[in-house]
Structure formats: structure tokens, C-alpha cells
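Shared between the two complexes below is chain A, which pairs with chain B and chain C, respectively.
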Partner chain A sequence: MSVTIDLQRFLARRSFVELSARERAHALLDKGSGKELVGPFDRQHSVWLEMQNIVPQEDDGVVVIHGRMDGKPAVVVAIEGAFQGGSMGEVAGQKIVCALELAKRDHERGIPTRPVLLLETGGVRLQEANLGLAVIAEIHAAIIALRPYVPVVAVIAGLVGCFGGMSLAAALCSHLILTRQARLGMNGPEVIEQEAGIAEMDAGDKRLVWSLIGGEQRAAVGLIDDLVEDDAEAVAHAVRAAFQARRPVQHRSEQVDFFLERLAAIDPEQVKDGAALRALWGKGEVK
Partner chain B sequence: MDVLNFTYPGETRVSHRAHVGVVGSGDLEILLEPSPDGAAHVRVRTSVDGYAPIWRKVLDRFFSRYKGCVSIEINDFGATPGMVMLRLQQAVEEQGQ
Partner chain C sequence: MSAEQSDLSVRGRQWFEALSGENGVTASGPASVLKADAVLGDETVRFLAVVPDPESRFPRARKGEVGLEQAWTLAKYVRETIELDKGATPRPIVAVVDVPSQAYGRREELIGIYLACAAAVDAYATARMAGHPVIALLVGKAMSGAFLAHGYQANRILALDDPGVMVHAMGKAAAARVTKRSVEDLDALGETVVPMSYDIRNYAKLGLLHKVIKGVAADSLGADAVALVRKELVAAISDTRAGGRDLSIRLESDAAKKVRHASIEVRKRLIEQWPDA
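Our next item is the complex of A and B:
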């Protein structure tokens, strides 16, 4: 799953990473088909941030666009990583839950709505504490409820990456697409450095960080489905292809024994870096 | 966080609204929509305290050229005056489309 760089194409590409959440969502849908649901003018911002002297954003950092993909109905939920690190507060999370639940209702009524999540988030919004945690649990439940009907496709493009409770949401999705710029993990490197010391993790060492939790590494050890170039067209193509593909017989989260065996095979004294994990897990084919 | 309010005289009616920017570091979000009366109203929420005189100057300059009857809401996360002016111009441009 390595990425070869065609220089002409690379220069001609339109970066997906550099797009705002709203632009990303529209870039995945058929041109001109997207209509925003609960947009900024509906002013569903967080009431909790202002109480803590933090400037809110009117869409609370989550953009929900309903439109068409290859002519089929689709809903794209994009998290804006630039606002509060894409953190999940009450409103932001609830917008994701509602989008997923409405997609499920569509399927129950025979409308084949395709759900896509563009995850760019550090996880729970600490200022909203339990409300954020609760809504992340609801997102997990909504993904699990929806995925028997249709693949739930997630993209992590970077540069924020996807962490904390939302990394679990990513792992629950049917199809996971990353760029090499993306990172996916439970604790972010800064948190690990702070909690376990710089000897355990030097968060300033980007090569080290990406060798452990970057998109290329995650692809090499079989924890994601697609590694794509930072190109809006390539991401849109991968998302569309994910809906054409046969649904996974078993989601990763259902392969408990397989992953328990994998974890049991790790000797922490031996597997100390990304390369060692690749050697051990290889391109772990999903059963 | 400071909350600031400004009012300017407006001349031309506008019919559309526009949304630009994000509340990210060094950036700001602007919501621009038709004003309920014949004036222009600006409400600023900014993460940087104590800069009301600078906001006044930036907005004075903006409304010395722009005469739309608009309600503008700004959610600012430490944008420089230059950035604020660019986003205001972008909002007016989007509104006109």
C-alpha cells in the first residue's frame, strides 16, 4: 500500500489537507449538489465555551453537508480541525450523531444515503467534559447501528489527525482512509510525553511520531484500508470506491480474537519502534 | 474574551448573507447578513482583551468605503488587523455573489 509520487500529478493536485472542513465536504460530493444542514446561521454554537471565556464558532466546528455522490444521496460530516483542535463538544458531537441517525432512518425507508465522516479531532473537548464524552459514546453507537446497512466511510487527512475517543469512532468505521500526513492514535504524542516523560516519547520528533502513528505506518500494519495522496480528487475517488466495494464480512471491531492474538504476540522489550511492529504484524490482512 | 458592539450608518440594502473564516489561531469567523434596520451593526467576540480602540479603527476604515446595511458578527481568535480587513472584504465579496 505504498504511495508512488507522479511529479506532474503531484504538482497539479488540489491539496485536501489545506481545505477547510466545509470545502472538504463539498469536494467529496457531486459538484453543486451539497446543501448544509444546521449551518452557522442556525447559530447552534456551544453555550459552554463562552462561560469559560472562549470564543465559540457558530457551527461548533462540525459541518454537515447533504448532497449526492455518483448521483446517490450522501451525507458528509466534516470536523474543522482549526477550531479548538476539532474537539468534540456537546453540539459538535450531537450534529454527528444526528447525521448518522438520519442516515440510518433513510436506509430503513429504502433511501441509500452514504455516510462519510471527515475526522480531524483531538477527541473530547475538555471544556465540555462529560457532555463531550457522552456524545462520543453516542457517535460510537450510531456508527455501529448504521454500518449493517451501508459502509460508514471515514477519512483522516491531517494535519490534526484523530485521537482519543474519536480514534475509537474511526476504528469502528467500515472503511478507513488516511493520507501520509494524517495521524491516528489514542493518546497524542504531547500527552504521552507529558505523562510518561521525554524518554518514552519526544513529541517534537516528527519523524518518530509519524513512524509510530502516521498514515503510512497504520497502513503497513493493516489498521486502515486505504492510504491516499493529499489530493482532493484522490480522496473523493477512494471514498466512492469504498461504497462500491463489498462490505467487510467482519468489521475490525468484531475481530476480537484476531487482535488479541496480535497484541499477545508483542514483546515490549523487542518491539520498540514502528519498523519492529511492521516486521511483526506485516501487512496484517483482515480476516 | 471581550464582546464589543459598533454601529455605523448604512445606505445600500443587501439581500444575501455570507459566512467566511474559522475561529482558528490568527483567524476569525464572519457572519454577514441583511440588517433589520437602515444601519450597519457589528458585534465582535474576541479572544484578545483590551483591543477595542484597534477594532474601532479597523471598522471605521472598513465602513468609510462600505455602505451596506448589514449585521456582522465576528468571532475572533487573535487575527491581526490586516487579516480582519481581508476577511471583511471577502465576506462582502461572497455576499455580492
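Our next item is the complex of A and C:
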């Protein structure tokens, strides 16, 4: 990366983070090719939110857009972080499960559909608790079943980030792309502060939080595949490139011996911050 | 026993030992992950459990939580099973589930507990798809990310009909804080909004469970109780072998058709609208 900022490029870029889920999905597909499936007019919303006097949304916060990418069939499933924190309820989650399963069916029939997940989620929607958790287990199963056919590519752009059971979903994908604005972790900083105290995690300290679980840190220690600028074109480019790349021989979540060895080498008293982990796992400081 | 230790659940370890006849401790792995290959019915079954270890290297994973070491070790023990049975009949895997939560800690997030738990999920799902009947036996808490990593990829989920057996996305006290309700209000809500309930009998209404095993109190492991649970495990293994290797059965029960009808409807529409090419 050049140190001098290309001013023209900087001014020309379109923020991906600021786009809605629907806009993000279209931005990744060939221009004008996207068609929404089970959109708001299908009125598939959460019955559980209504029972708790919360206004539902007619897409339940998940947008499924089928279209073309480099001329190939593709499906982009985008979570809307602005609705209930991108939380996974029954309907929202089942859209993701079913889209992944249909992509697998396509491959079994010789149709090379490319699956992309845009993850912007706090995890389980608490108002649907057990159905949210159950559908997340089904999302995991669907990703693992689809992966042998085609890379499952995930993007976490921010600002919500990706947490809870959905952070496991991100880790199960073949190719993981983050921006610097993104965070990827299992337990949100607020939850850790609440459960373990402010000495363990000061959730209000944004710099600390990003230094532990932010996109740049995750890239520096090799836990993700790409770190991209907050630029719709850059994200679209990285997603397309991920489908050109060979599928990983082993996903990180399959590299059990490797990570167990790494874990055994860690002294929990010493490794408490981003810099300490970079010293062990890092490939040098990233700019 | 200190107050700190007295709230540690012993159920997972007790059921693991009663069913496998072994203590499950391995020389190479952490003391918090139990593993045994033992005869059940007329075949060898791999039993796995996560239990408390007050000496655990990672301080935030000493009370039975699924932390970094526990999740990666589960992944190892499950994948080991797949390797062992290459070219042979895949042996069943029984996950004895009594897990209060995933580990909440700064180090855990930094080092990637999300990846560790994903590795456990990946291993269990891979075993299931390779034909190992995977059965989750709920004898205590099956909470949130811990249950995702240890049990939720199972072909069949069995639960003891006991007030201490519960599945949920968040501990009761924390859920009450977050939703700004009292614990009593939360219990009342669970009676009408079924997925919010902490009661295993309400969980059964979601259609995700294969069976609630009645008449067995989780804390009394008499010979009859253990024999009954063994019988139910054998039946669930046999039922699994007669069925598919995915999780579609979870939407097929009468209970699921009633309570998860929105899931079924949204799937129907997506399948209808999906382009042919």
C-alpha cells in the first residue's frame, strides 16, 4: 500500500459501510443484475417481535439478492445492521439457511452459484432467544455443507461488526473480508464487561476494543483473508477475487493441530493485548 | 469446598462416568474435556463432555465454560473419531451436555474464541456428514455459544426432563438485565413467547428435540435411570442411522410445523422464487 494517499481515488470512493444491506448487496453484483427474493412485499416478518410489542420489519432484517457476478450466478445475503442490531431471529436466519442450501442444490445441478454473506450482526435476537440460537446452528451446518462445492465468501464491513453465534458462522466461511471499521468477536465488549468486570474489558475504550478484535488486528495475526478500505469498489473487487482464488485446502476451523500447538505456546499471563499476540502470530505490523 | 467451587455443576461429569464407565481424563488434553470410547448397546461409542476444572490455564474457563482449550480439544477428539473409523462403520458420538456458557474474557476474544468454537462446530458437523450418528444428551445447562460448540450440530438432541436442564441464548440474570425485566417477568413471558422460555418442556414445543426423557432426575443416577438413558441413546442412534445426515428433521416434527411455521413459510417462498439458472 502506498503511503501517499491517492487523492483522486480517495475522493471518488463510495463508502460501503454507509450503505444499507440492500445497497451493499447490489453493489457487489453485476450492474442491474440483482433481483430480491422474498422481499418486503412477501411480508415475511417475525411473529415473536409483534408479541412483544416491537415493530417488525417486512424483510426481518435480511436481504437476499440473486444476480450475476462476473456473469456467473450469485446470491448475496445481507444482514441489515440497522434493524434490531442485525440480530438473528427465526425468519431472518432461515432466509440465510435456505439461500445457502439452494446454492448447494444449484451446484449439485451444475449451476455454479456464488454465495456471499454480508454479516452485520450482534448474534441471537434475544426476543426470539431459542429460535435464534437454533437457526444459527442451522446456518453453521449449511455453510459447512456448501463449502466443498464453492468458496463461501463473507464480508464484515461494520459498524455493527459480527458477534455471538454468527462470529462462528464467519469463521466457517472459506474467505473472510473485513474493513478497519469492522469487529469480529464472539462476546461483545459490553457483555464481557458485564460478566467479567471493567478490569477485564472496558467496553467504553474504543481504542482498546479495536486493538483486540478490530479488522486490522485480525488481519495482522492472520485470522482473516483480506483487509479492505471502506470503499464499495474495493469490497466488490475483493469478493470477486476470492472466487478466483483456489479454495483453501484446509479452512482455519479445520486446522486443529496447528491452533492447539499455538494455544499451548501461549502464556495466558503474557498475552493480554493486541501487540502481544502480533508478536507471536503476526507477520509484521500492517500499515 | 469453597463457595466458588460449590456452584460448579457435577452433572456432566457424573453422567459421563455413569454412561461410559470411565473417568474420561486424557493424558494429553486439558482436564476439562472428557473423552471415552465405551460400549453402548452392541457397539463402541465415543462419549465427550466439558466439565469444570478450577486449575484451568485460562482463568475465564474454570467453571465448565467452553473456552479456547475446550473448544479446540473437542474439535480434536471429534476429528480423531472420524480418522479412527475411516473405512469402517462410523461410530456414534455422544455429547454429554452440561455447559453454563462460553468463556467471557479479553484473552478469549483476542486469541479467537469465535474460531475455536467454530472448529468444534466444524468437527461435529463433519462427523455427522461422514455418517457418525451424533447425539446430544442434555443433562444440565446448554447455553448459547457453548451449546453451539458442543451439541447443537447433533443429528438428534435428547434432554432429561429436569428443571435444571435448560437451553437458552443467554443466562437468566443477564437476559433480565438486558431486556429490563425481572427474572419473574422473564419466566412469565416464557409461557406465552415460547422461544424465550428457560423450561425444557417449553423448549420441547419448538420441535428441535428428538425426545424428552421422562422420569429421570438429573441428579439421581440410579441403575434404573442410567439403564433408561442408555436405552434411549441406543434408540436415537438407530433412528439417526435410518435417517439423513443433515438437520432438516428439525423442521419436520409436528411441533416444528406448529411453532416454526414462519420458518417453513419463508423457505417455501424462497424455494419458489429462486431462479432456475
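Heads up, the rule we're going with is that the second predicted complex is superposed on the first by the 275 of 287 C-alpha atoms of A that agree within 3 Å, B and C clash if a C-alpha of one lies under 4 Å from a C-alpha of the other, contacts with A are read in each partner's own complex, and residues count from 1 in each chain.
Definition applied: contacts are C-beta pairs under 8 Å (C-beta built on N, C-alpha and C of every residue); 3 or more make two chains touch, one makes a residue touch a chain.
Just so you know, these numbers come straight off a predicted model, no measurement behind them.
For the composite obtained by superposing both complexes on chain A, the positions of chain B and chain C are free of clash and fit together.
In the overlay built on the shared chain, the residue A:S33 is in contact with neither chain B nor chain C.
After superposition on the shared chain, chain A has more residues touched by C, the comparison being chain B against chain C. When the two structures are aligned on the shared chain, A:I192 is found in touch with chain C, with no touch to chain B. When the two complexes are overlaid on their common chain A, residue A:S20 makes contact with chain B while staying clear of chain C. Once chain A of one complex is fitted onto chain A of the other, the partner contacts of A:A82 are limited to chain B, with no touch recorded for chain C.
Legend: residue contacts after superposition of the two complexes on their common chain; A:Q127 is shown touching chain C, with no touch to chain B. By the document's definition of touching, of the two partners only chain C reaches A:D257; chain B does not. The gap separating chain B from chain C in the superposed three-chain model is 15 Å, by closest C-alpha atoms.
Looking at chain A, you'll find no residue that touches chain B in one structure and chain C in the other.
By the touch criterion given at the top, residues 57-60, 68-69, 72-73, 75-76, 79, 102, 104-119, 121-123, 125-126, 129, 144-145, 147-149, 152-153, 167-170, 174-175, 177-179, 189, 192-197, 203, 206, 208, 246-247, 250, 260, 262-263, 265-267, 269-271, 273-275, 277 of chain C touch chain A in their complex. Those residues of chain A whose C-beta lies close enough to touch chain C in the complex are 35, 37-38, 42, 44, 46-48, 51-52, 64, 66, 73, 90-91, 94-95, 97-99, 102, 111, 123-124, 126-138, 140-141, 144-145, 164-165, 167-172, 184-187, 189, 191-192, 194-196, 200-201, 212-213, 223, 251-257, 259-260, 263, 266, 268, 271-274, 277. Only residues 1, 17, 19, 22-25, 27, 29, 31, 33, 45-47, 73, 75-77 of chain B touch chain A when the two sit together in their complex. On the chain A side of its complex with chain B, the touching residues are 20-21, 39-41, 50, 53-58, 80, 82-84.
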